[in-house]
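Okay, here's the structure, questions in a sec.
By letter and in written order, the chains are A, B, C, D, E and F; residue numbering begins at 1 in each of them.
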Amino acid sequence: MKLRLGLPTGSLQEATFQLFQQAGFNISIHSRSYFPAVNDPELEILAMRAQEIPRYVHEGVLDAGISGLDWIMENEADVVEVADMAYSKSTSNPVRLVIAVAEDGGINEIANLNGKRVATELVNVTKKYLSDHGVTAAVEYSWGATEVKVPQLVDAIAELTETGNSLRANKLRIIATILESTTKLHANHAAWDDPWKRAKLESISVLLQGALRARYKVGLKMNAPEAMLSTILGILPAMKQPSISRLVDNDWVAIEVVLDEIQVRDLIPALKSAGAQDIIEYQMLKVIT
Amino acid sequence: MKLRLGLPTGSLQEATFQLFQQAGFNISIHSRSYFPAVNDPELEILAMRAQEIPRYVHEGVLDAGISGLDWIMENEADVVEVADMAYSKSTSNPVRLVIAVAEDGGINEIANLNGKRVATELVNVTKKYLSDHGVTAAVEYSWGATEVKVPQLVDAIAELTETGNSLRANKLRIIATILESTTKLHANHAAWDDPWKRAKLESISVLLQGALRARYKVGLKMNAPEAMLSTILGILPAMKQPSISRLVDNDWVAIEVVLDEIQVRDLIPALKSAGAQDIIEYQMLKVIT
Amino acid sequence: MKLRLGLPTGSLQEATFQLFQQAGFNISIHSRSYFPAVNDPELEILAMRAQEIPRYVHEGVLDAGISGLDWIMENEADVVEVADMAYSKSTSNPVRLVIAVAEDGGINEIANLNGKRVATELVNVTKKYLSDHGVTAAVEYSWGATEVKVPQLVDAIAELTETGNSLRANKLRIIATILESTTKLHANHAAWDDPWKRAKLESISVLLQGALRARYKVGLKMNAPEAMLSTILGILPAMKQPSISRLVDNDWVAIEVVLDEIQVRDLIPALKSAGAQDIIEYQMLKVIT
Amino acid sequence: MKLRLGLPTGSLQEATFQLFQQAGFNISIHSRSYFPAVNDPELEILAMRAQEIPRYVHEGVLDAGISGLDWIMENEADVVEVADMAYSKSTSNPVRLVIAVAEDGGINEIANLNGKRVATELVNVTKKYLSDHGVTAAVEYSWGATEVKVPQLVDAIAELTETGNSLRANKLRIIATILESTTKLHANHAAWDDPWKRAKLESISVLLQGALRARYKVGLKMNAPEAMLSTILGILPAMKQPSISRLVDNDWVAIEVVLDEIQVRDLIPALKSAGAQDIIEYQMLKVIT
Amino acid sequence: MKLRLGLPTGSLQEATFQLFQQAGFNISIHSRSYFPAVNDPELEILAMRAQEIPRYVHEGVLDAGISGLDWIMENEADVVEVADMAYSKSTSNPVRLVIAVAEDGGINEIANLNGKRVATELVNVTKKYLSDHGVTAAVEYSWGATEVKVPQLVDAIAELTETGNSLRANKLRIIATILESTTKLHANHAAWDDPWKRAKLESISVLLQGALRARYKVGLKMNAPEAMLSTILGILPAMKQPSISRLVDNDWVAIEVVLDEIQVRDLIPALKSAGAQDIIEYQMLKVIT
Amino acid sequence: MKLRLGLPTGSLQEATFQLFQQAGFNISIHSRSYFPAVNDPELEILAMRAQEIPRYVHEGVLDAGISGLDWIMENEADVVEVADMAYSKSTSNPVRLVIAVAEDGGINEIANLNGKRVATELVNVTKKYLSDHGVTAAVEYSWGATEVKVPQLVDAIAELTETGNSLRANKLRIIATILESTTKLHANHAAWDDPWKRAKLESISVLLQGALRARYKVGLKMNAPEAMLSTILGILPAMKQPSISRLVDNDWVAIEVVLDEIQVRDLIPALKSAGAQDIIEYQMLKVIT
């Protein structure tokens, strides 16, 4: 039994391979080969462009794959979402597919796009969105550098953006958001209905998510006189139960807890003030909750 | 009056900008800008993907552009070829769009592709070729790394190749050549019918071709006793008339000729044997014939 | 409320940003922008040359900054030292501002510099030092590569050095040390007297120092039969109290301690000999004492 | 007292210096210097080619060194193996010295090499192996790129290989394996018989092996209701005794164990199913068993 | 006899060394050495910062040097200009020292700078300019990244700029130009009054200027029927006399001329139309007029 | 008919391939292939280490090759020198094989090496030299970094050096020069006695030497009034006859001459003073004398 899994090449390849590495799967790819080796005999990896993975998952050529929601929708792929792989949960700007026009070109809402030309790499998604909103426009496929085309070559673009910086730098203004996209581990229905493949997918999902979680969490460990314990627990976030053990010196306890890295900045000075001692913060490879 | 000229970005950008530099046009592009500056007020340059240039020339957004014949045909662009820009005349392998299949997959000719799947970046050209040859196959768009798809994902591919090395490395065999492609300076009919634009295009063409020619030609200069002149002229290629001038020392002449660099290897030892002296070979920036 | 904090660009920038990252502050800087973004709404970061930070802190343009003691003194900045940021506590050579002369030039002590020329980037500090020692010399500003100027251009230099290697390579000899310099988190008096700003500065200081400490410390954890506990505690450095907890198997204890990395080399073989088992050593992100 | 230790330059240098760093020895080497500095006054490091180290250890110029078994044998060095330093224990292919011939050259076993020419960098080892097997062949020294010499320059080669990829790419076939080689910390007899030097070598060996072990092992920590403890212990590999401690909440225990990283992939989903909570996986710097 | 010549390090070093190379002087500099070797026993080169060269020329430590007019003036150096070294004559924007303010800060002319703060690397030049224009402002020394200081740290800056791009990117507006600066070969009066040194300087000047000229000029050579000669001469720029020689075939002449590269773009098509044949364009290493 | 030619890989490869390129032979080598392609059907190129080429030429595996005299001698190869390929004729320091000892080790002449140990990569040449001079010493093979071995590992080394810098940096002193070595195009006797191969070798030799010569020579062209001709000819080096032709303007002549680049520095100012006008200097690709 093997699970055929499509992983993205290009800009996502290194991040994806590193995540699998952290999850316990060593994937190595030689130049001129597109079938990476992996140290798990139950996996067969195919490395291909993120744009194509959902199509091949849908068609059954692959059992499952990793790609963005944008390309799942563009390919109109009928697939099961196994896990949302938030590659960077701590950043506040997810990737969005937006419609952008010239800052000062007189187009203020998508209704103004009637009869206009729109360039995009995601033609199907864009056409459907405009049609759903009653707009009739010519949507043309664009091979990259799309943002430079307004206003000389087209009237609007539908473009993926994380921060909007590149759009602003080209003096474009966003007038609509078509979708927000995150990376998905997805499978086709046949694979999902196969018990062995589903169990394998769930196992992979647990490991990948454990690895992703470990990237924005840290472990915190400290000692405290037992008398200070309730004060300290009052400082720690309520929803997370710390592990408390008694030291041989019976008046002291050791407290250990896993927290979001961003919380630590405020907690450490407070914990120190509350009497915690020997506070150490450490990194983890996986966090399974 | 300005001529709007589309130049290719990506792998061809540096070579194209260098060629224009040699031809006398300094083009400089800043990051985040797609409208390069050029030191000719009669030109407006747009840098975009080679794939799109023919479409925009055809539609009149650009007056003229530089792109491959393959993309002119894929875009079904009705344009005028101003000049064939053989970027590398000395190499014997032009770029070809070929149909390739698995070496040992049992497909031997395009007739065997009936009912099969073909992946390619040039969907229109491939569909037309197969249809012209009476073959009915599903032709799907492929985003790069196409050669790895055979035989697992598709039965055949239509792929651009110069040497065939990458195809062989993927254990593919060529069964048909759809077209040979070279780079073309091309214009739309409106621009070509405008006398000022046509004159400007012809001037650019002379300079670009002069620069390209200088890349595989060299100048050869030598002195010889006048008595040896006819022997020496017999050695030089017949079709090319050298410039001969008399030195102050009346028994001697100076001979100067422009030759293909590849010829020089055989000529220099022969000329030396025939009595030519002080032979020097030099490079040129442009050769106008 | 915001704290305006000046961070050094140039050779210290990457190290400083990495330290803040480890301390819990993500700082990102785009090219052409000099106001880095930071994921703490209470901070406003200005990135500028280390040389200038103390001046702007002194003048109140910044609340606080990170720079070397050398530049605090050169700017004659009246500031409060919040924390000494020993970027590399384990190296034995702090940065020193020294006076150096030609190895064999006959100048043996600073008294010999009377009437001579001295080149330096820290003109004020050098002038003051010489004047304090009763030496009258011309001190001139030097834009880098100062060590090459002796003896052809000047008689002596006042130069920052860590190892003295560059001075020796230029055949210079140190005859005096003007000051030793380490990196300081410093603030002006107004910011320090503002309760909110002082609390913020102290919080930053705790986190930065916790991160710095974690760079030369490691955690050591081991199990041992309770009977061996006193022997093992006798091996561990006396000043550091380890955390001892009882394992479920009541004859065994777990011992955990934070140590200087340099101590571990000798302790591990000794601990092993003393009966400690399952010794592991691990890295930390912060150590708060 | 100093121990003189030879460390390999070239392709192994960076890996060796990093391993020593992790073991607690900072080694720094300046360009043009071949005597690296080390932060241990009891060590004197010499950096030289791996090929030569065993010879100089044998001759007593060095007390000990790190080099491959292949070069120990090639130098016929009479040394003591202090430790096997399996730089990459998790990879399944050790370095082997093999005899390879042209895939289709008619040579099928080493007996066919009688009267033939063999090129190799390890002339002594190869000669001895052939002689031991009753084969008489001319063995010539080869400076690199040996695999290209078959069949035009020699009939066979004796070459080091890890994966055989380079041999296959040159259309060579392996017909015999002369030896498998791993990296050895080795000493000469005089040093080994000196009590101080032996103790120092054993201490270094413990630290290096602790660092190597930490590269393929991870720590796993989890909480569990005491009722589930025996189930969880049944899942963990039998040969490894975990550390179990009671939490303040008396029904719960904390379990901590060091495992091979490769095992974790299967254990984490199983542990989670068995009721383990708050599972975290972390990296270590050293693991001493 | 030796001429002591100061050449700039830093951003100008490579360009300067290449220019001297083209002029016939091979200058090589080893790391850690600041006295470059040169293949001319009559020269002694010192490589130092451009900012300092005029001061040392003025003081007689150097005979001559290469630096910008800006730094000659900042150092108030009383020197002789031997040659203007227009490193890039073809670019239309010389380096200017300008006063810039915030685009929308309400400062519109230098008169508004009364009582304000101005940051600059050229304190003396800026102070003198403001004083000459009756403006009283605090001028402070700035170590780089000066353009970011407006308006938060200072009210205006005096900054070197070639294109103004960096100023615009920082939303600054130029309100005055203090000076235009080009690179100068300059000498002190003593060196200039010494006949041997003046001759040497003039010789260097001829060679450097010949090399600079060759960078924006090209040679053009063509054959033409003598009957077309006057037409062709009418096309060529009037001020430049071409070399005309008769070919052995008496009806033909060879015409050779040196032109600005920028002229060739228009001339080649015109010359071709006028009957010129075998036109070649070539590069030169030096052009002496 | 094919000539089998060995070209050096490693540090000489790029320089050698560039020289052949300039001589008219395009050689291209793919990674993992050791048989470079060349655009001359009469050549078969083998790329191998310079150390081995003379051995294979001697044995007839190659017809000819390019390697240093040092390795021809070390291999005791009986070959014909076709041409001396002075890769860098203008540098004054040829590569020498020297014997070097510790600066202050008490060894002052090779006689002192009796009974000592000498390390070298050229064992045969060194042994022969010492034996010829009546010295009995142990000569051992050394793999690189030989200069660091004195005095700790050996008493002396025989090492290739161009400038002696590396020896001096290691505090070594040269006490004898065994040989001076330049790069040689060499062939075996069988190839040299074959008329076709000898003709091919001579042709290659003419082209390579023409290319090498062009690297340190330049062309100089100028116009002058005929009246100044004898003065100008008096300035030009006597041994070189310039080409003089009359311009259409009969009072003027054009003078063209090929000179060493190093001479031009002095000649140009002199020629200009003597009335030469429109002096241009240009580079050449080949100079055949």
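Here is the rule we use: a contact is a pair of C-beta atoms (placed from the backbone, for glycine too) under 8 Å apart; a residue touches a chain by one contact, two chains touch by 3 or more.
These numbers come from a predicted model, not from an experiment.
> Work out which chains are contact partners of both chain B and chain C.
Where chain B and chain C share a partner, that partner set is A, E.
> Of all chains present, which has the mean Cα position farthest from that of chain B?
C
> Since chain C and chain F share one sequence, what rotation angle in degrees maps the C-alpha trace of one onto the other, as a multiple of 5?
In short, 180 degrees.
> Could you label the chain A-chain C interface same or different, taking same to mean over half of its residue numbers are used by both chains?
different
> Starting from the Cα centroid of chain D, hunt down the chain whose centroid lies farthest away.
It is E.
> Using mean C-alpha positions as chain centres, tell me how far chain B is from chain F in Å, no decimals.
Their C-alpha centroids are separated by 38 Å.
> Where the centres are mean C-alpha positions, what is the separation of chain A from chain B, in Å?
The computed centroid separation for chain A versus chain B comes out at 43 Å.
> Which residues does chain A have that touch at least 2 chains other than itself?
Where chain A meets two or more other chains at a single residue, that happens at 245-246, 282-283.
> State which pairs of chains touch, listing all of them.
A-B, A-C, A-D, B-E, B-F, C-D, C-E, D-F, E-F
> Which of the residues in chain B come into contact with chain E in the complex?
Residue positions touching the partner: 23-25, 39-40, 202-203, 206-207, 210, 214, 219, 243-246, 253, 258, 282-289.
> Where on chain F does chain D make contact in their complex?
9, 32, 34-35, 46, 48-49, 51-52, 56, 61, 142-145, 148, 152-153, 166, 169-170
> Can you list the chain D residues touching chain A in their complex?
The touching residues are 218, 223, 245-249, 252, 254, 261-262, 264-265, 268-269, 272, 277-283.
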